Amino acid sequence: MNKLTNQRAWWFVLPVVLLVAFNAIIPLMTVVNYSVQESFGENMFFWSGVRWFEEVLRSERFHSALWRQILFTGIILVIEVPLGLAIALAMPRKGPWVSVCLVLMALPLLIPWNVVGAMWNIMALPDIGLLGRGLNALGFTYNYTRQPFAAWFTVVLMDVWHWTSLVVLLCYAGLVSIPDAYYQAAKIDAARPWAVFRYIQLPKLKYVLTIAILLRFMDSFMIYTEVVVLTGGGPGNSTTFLSIDLVKTALGQFDLGPAAAMSLIYFLIILLFSWLFYTLMMRNEAR
Amino acid sequence: MHGFGTRAMAFELRSITKRVGAEVHVHETSLVLEEGSFNTLLGPTLAGKTSLMQLMAGIARPTSGEIWFRGENVTGVPVQKRNVSMVYQQFINYPNFSVYENIASPLRVAGLAKPEIDRRVREVAELLRLTPMLKRRPNELSGGQQQRTAIARALVKDSDMVLLDEPLANLDYKLREELRDELPRFFAGRNCIVVYATTEPTEALLFGGNTATLHAGRITQFGRTADIYRHPADLVSARVFSDPPINTAEVEKRGDEVLIGELRLPVGGAARGIPDGTYIIGIRPHHITPSKPNAEAAAIEGTVVIAELSGSESAVHFDLNGQTWVSQSPGIHPFEVGSIARLYVDMNHTLFFDLDDRRVEGGE
Amino acid sequence: MMANIRLQDLRHSYVENPKSDADWALKRLTIDWADGGAYALLGPSGCGKTTLLNIISGLIRPTEGRILFDGRDVTDASPEERNIAQVFQFPVIYDTMTVHDNLAFPLRNRGVGAREVEERVREVAEMLELDTTLKERAAGLTADGKQKISLGRGLARSDVNVIMFDEPLTVIDPHLKWVLRSKLKELHQRTRRTMIYVTHDQTEALTFADQVVVMNEGEIVQTGTPIDLFERPQHTFVGHFIGSPGMNVLPCEVAGGRAIFAGLPVESANAAAYRGDGGRLELGVRPEFVSFAETGIPVDVMKVLDVGRHRIVETTQAGFVIKMLVPEDEPIPEGAAHVRFAEDRTRLYRNGWLVT
């Protein structure tokens, strides 16, 4: 249908355009600007072309941060998506407990991220924290401030606790929208619960799962606040993920050029991976 | 709100076409609708009824051609500025407004005074028999009541044109019958132009008024309903205006008979005057019956392919010389699929079409 | 495997503590469904037909009453234990499987051997004209193809007691409906399984079924063949619901063994059977059986609607509307006229029910 255009609509969009321009496009352009220049302080800038980009891409430090990040995101996805789906499947779809469950699931998402980091920081302390003390009492030697493995364990645990609910809520919404008739037909066909999951629920959840995976991928790839508050990137470098590395470079060392270049590379990596993910999951729809 | 003039308000489509990409949704069409008329757009699904209605309402813009109303060019005037109302197949109402508020909404938008709004809402609600439901929400009403609310909202505005796009299609057939009986009453005494789209020829016949038969984006014929039904301009129009489908066959006319293969059928009264030759005849299903309607009726038989009963009528599809013909008769006459049906054809109402599908005079 | 199905003293309410009549979606009923029959449950929206269907299939547990399959009480049995199949309003298929696997699914779940699975799938696919699409993904078929798959899953099983249809043609394209309608009838002839078909569309019901069960407001109003329903409606609702337009229902009185309408005696088939026990008395006569005559009931001709094959004439007498169907070529008088009711088609009803 060919709708007649309503010119007045542009006026409604104008404020948003201005906002986006100020908050996103102009800063982005500034970053691009910095990434191709070199400064010797005192506001003196010289054109350096792709020099910063080359330096960043060759730097050891960048590579290790990148690998750490990829590993982290991989672990997160592998744990959170199936776990979230499982919890959503277990939640009741009708009755008085529905609202209770939904509120419980929403709670972790409502906590400010630095508070989340602080909570886990204290809770995992080996001497006074519930988790830290408990683990040590069980016989493990656990100290996340000293042991890289323990630090990873804690960071992953914190992220799972914080963000699985998002996956749960998305999957739940998808499950609830499956009409009853499908379940009735499955009953009549004498399908076992696993078959119901595999042939009815999973296919119908495809779009929802795609969104969940995409969101978790992008967010975990950019993770900063919680990790910084929890471990500060340590012990040493062991939990210094890409964002954290970027901030250290930019603010810690005032190397604007490399930092800007790294931001752009970072941005492009996320864009590339997201596009790949999305295309992969959606390729069946092209028919 | 427009005032009413004293001359007949004509709505005109002048050489309208509608193209979307490479597809032509509406081929070049011209049409004149008079004020106060009831016009049915009759045609199968995807014939272009909805596209045409959207052009008439101003929701879509024609690719070429002009639209004139009361002597003014309104092509390109968007629907918000035109005084039209639409009723859809899905009962479209504001879900969080009561019936009263639903009906009042167009008046509120127009900025009428409260007492005036109240008066008009109650008047229309009374007409549509909605007065006991005014406080309820649409989801508490039955399908028929929801559709009445939508119709009431369309009527209260006193629009110049009311467009109804298959409004009864989602209702139980009995409700459909009841609402259909009442529909002319809602529009009686109003000056608006009513355009009603449907796929069922029976509805067009029941409403009377004018009918436009549509096929593949073209209006094949437009005129008084009874005229179009009795005197279709061509085979396409005859087919559109027939449910069950009109029976056709290529025949040789020789004197007082037509030959379909080996079968000879006598030709009724006026048709004898048609010159001999090859024609396509059209026989309506209700002219083929299990009992002999008059002395001149011819006997035919064929193997039953499908037998259908619908309450007070029976239809049987049978094989005649390789084609499938349909017979429709009042009463319940069950037929066994696969058995031989012995039927009679009333040849007094046969339509004759030449090989270009145009109707030949003298058939009726 | 076949079964006689008996619903004994069934009542159902969706409300926790039903108090009044209106709280009961299904009022007390007892009905038998014979082995191998083709039944239709016909009635307007909200009459309880879908509730009844779901009780038979086991998807709903009735508030009161029992369900017996061949004398065996299955009231507490789940749908898969009852060996039923159901086709829903919109096609329910397993999107990720091929047509073949969809049809095989219920068989495989029940542990049927691979060779028998193949045989049955092929047989059913051929019956439903799906055999050319067996290797395709089920999600790619048209709406009627998908409905056929839904149907096929029920037909493929040899242990099915009854196949139930819940308004299965709802999403089918209008001019393809008759194809599926006749296919269903043909399938019943071939397989001789018990089939129960729920619909509000009388064409679907009367074409498919040998026995039609007409329901209204949670009650079974009449069970009979299409001819029975047309010629001898047991309830004014049946006369009104079946046929287009429906039966004329005119208030009347009875005196001296004859019905009196608008002060004039009217001959009817059963007025003599009236026992004089009061109640709301009405005469029912279909528009087909009212005709113009020289003498009889005086009427005013109000409206003539030309429907091509006949004309629907609305006349009034004493404020009541009498509709008539007049064949195409007959003349219609204007203004004042007289009508007669065919005696053997005019019946007396008391409180809506046929007087016998």
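Note that the chains take the letters A, B and C in the order they are written out, and that residue 1 is the start of every chain.
We take it that contacts are C-beta pairs under 8 Å (C-beta built on N, C-alpha and C of every residue); 3 or more make two chains touch, one makes a residue touch a chain.
Note that the coordinates shown come from a computational prediction; the quantities given were computed from them, not determined experimentally.
Taking the CA centroid of chain C as reference, the farthest chain centroid is that of A.
Pairwise, the chains sharing the most contacting C-beta pairs are B-C. For the pair chain A and chain C, the distance between C-alpha centroids works out to 57 Å. One finds 27 Å separating the Cα centroids of chain B and chain C. Per the touch definition, chain C reaches chain B in the complex via residues 44-46, 173-175, 178, 181-182, 185-186, 189, 200-203, 206-207, 226-227, 230-231, 240-246, 286, 288, 305-310, 312, 325, 328.
Per the touch definition, chain B reaches chain C in the complex via residues 44-45, 142-143, 172-175, 177, 199, 201-202, 205-206, 208, 226, 229, 284-286, 306-313, 328, 330-332, 334, 337, 349. Residues of chain A touching chain C in their complex: 179, 181-182, 184-185, 187-192, 195, 199-200, 203-204, 287. Looking at the complex, you find that chain C touches chain A at residues 57, 59, 78-80, 84-86, 88-90, 92, 94-97, 105-106, 109-110, 140, 150, 153-154.
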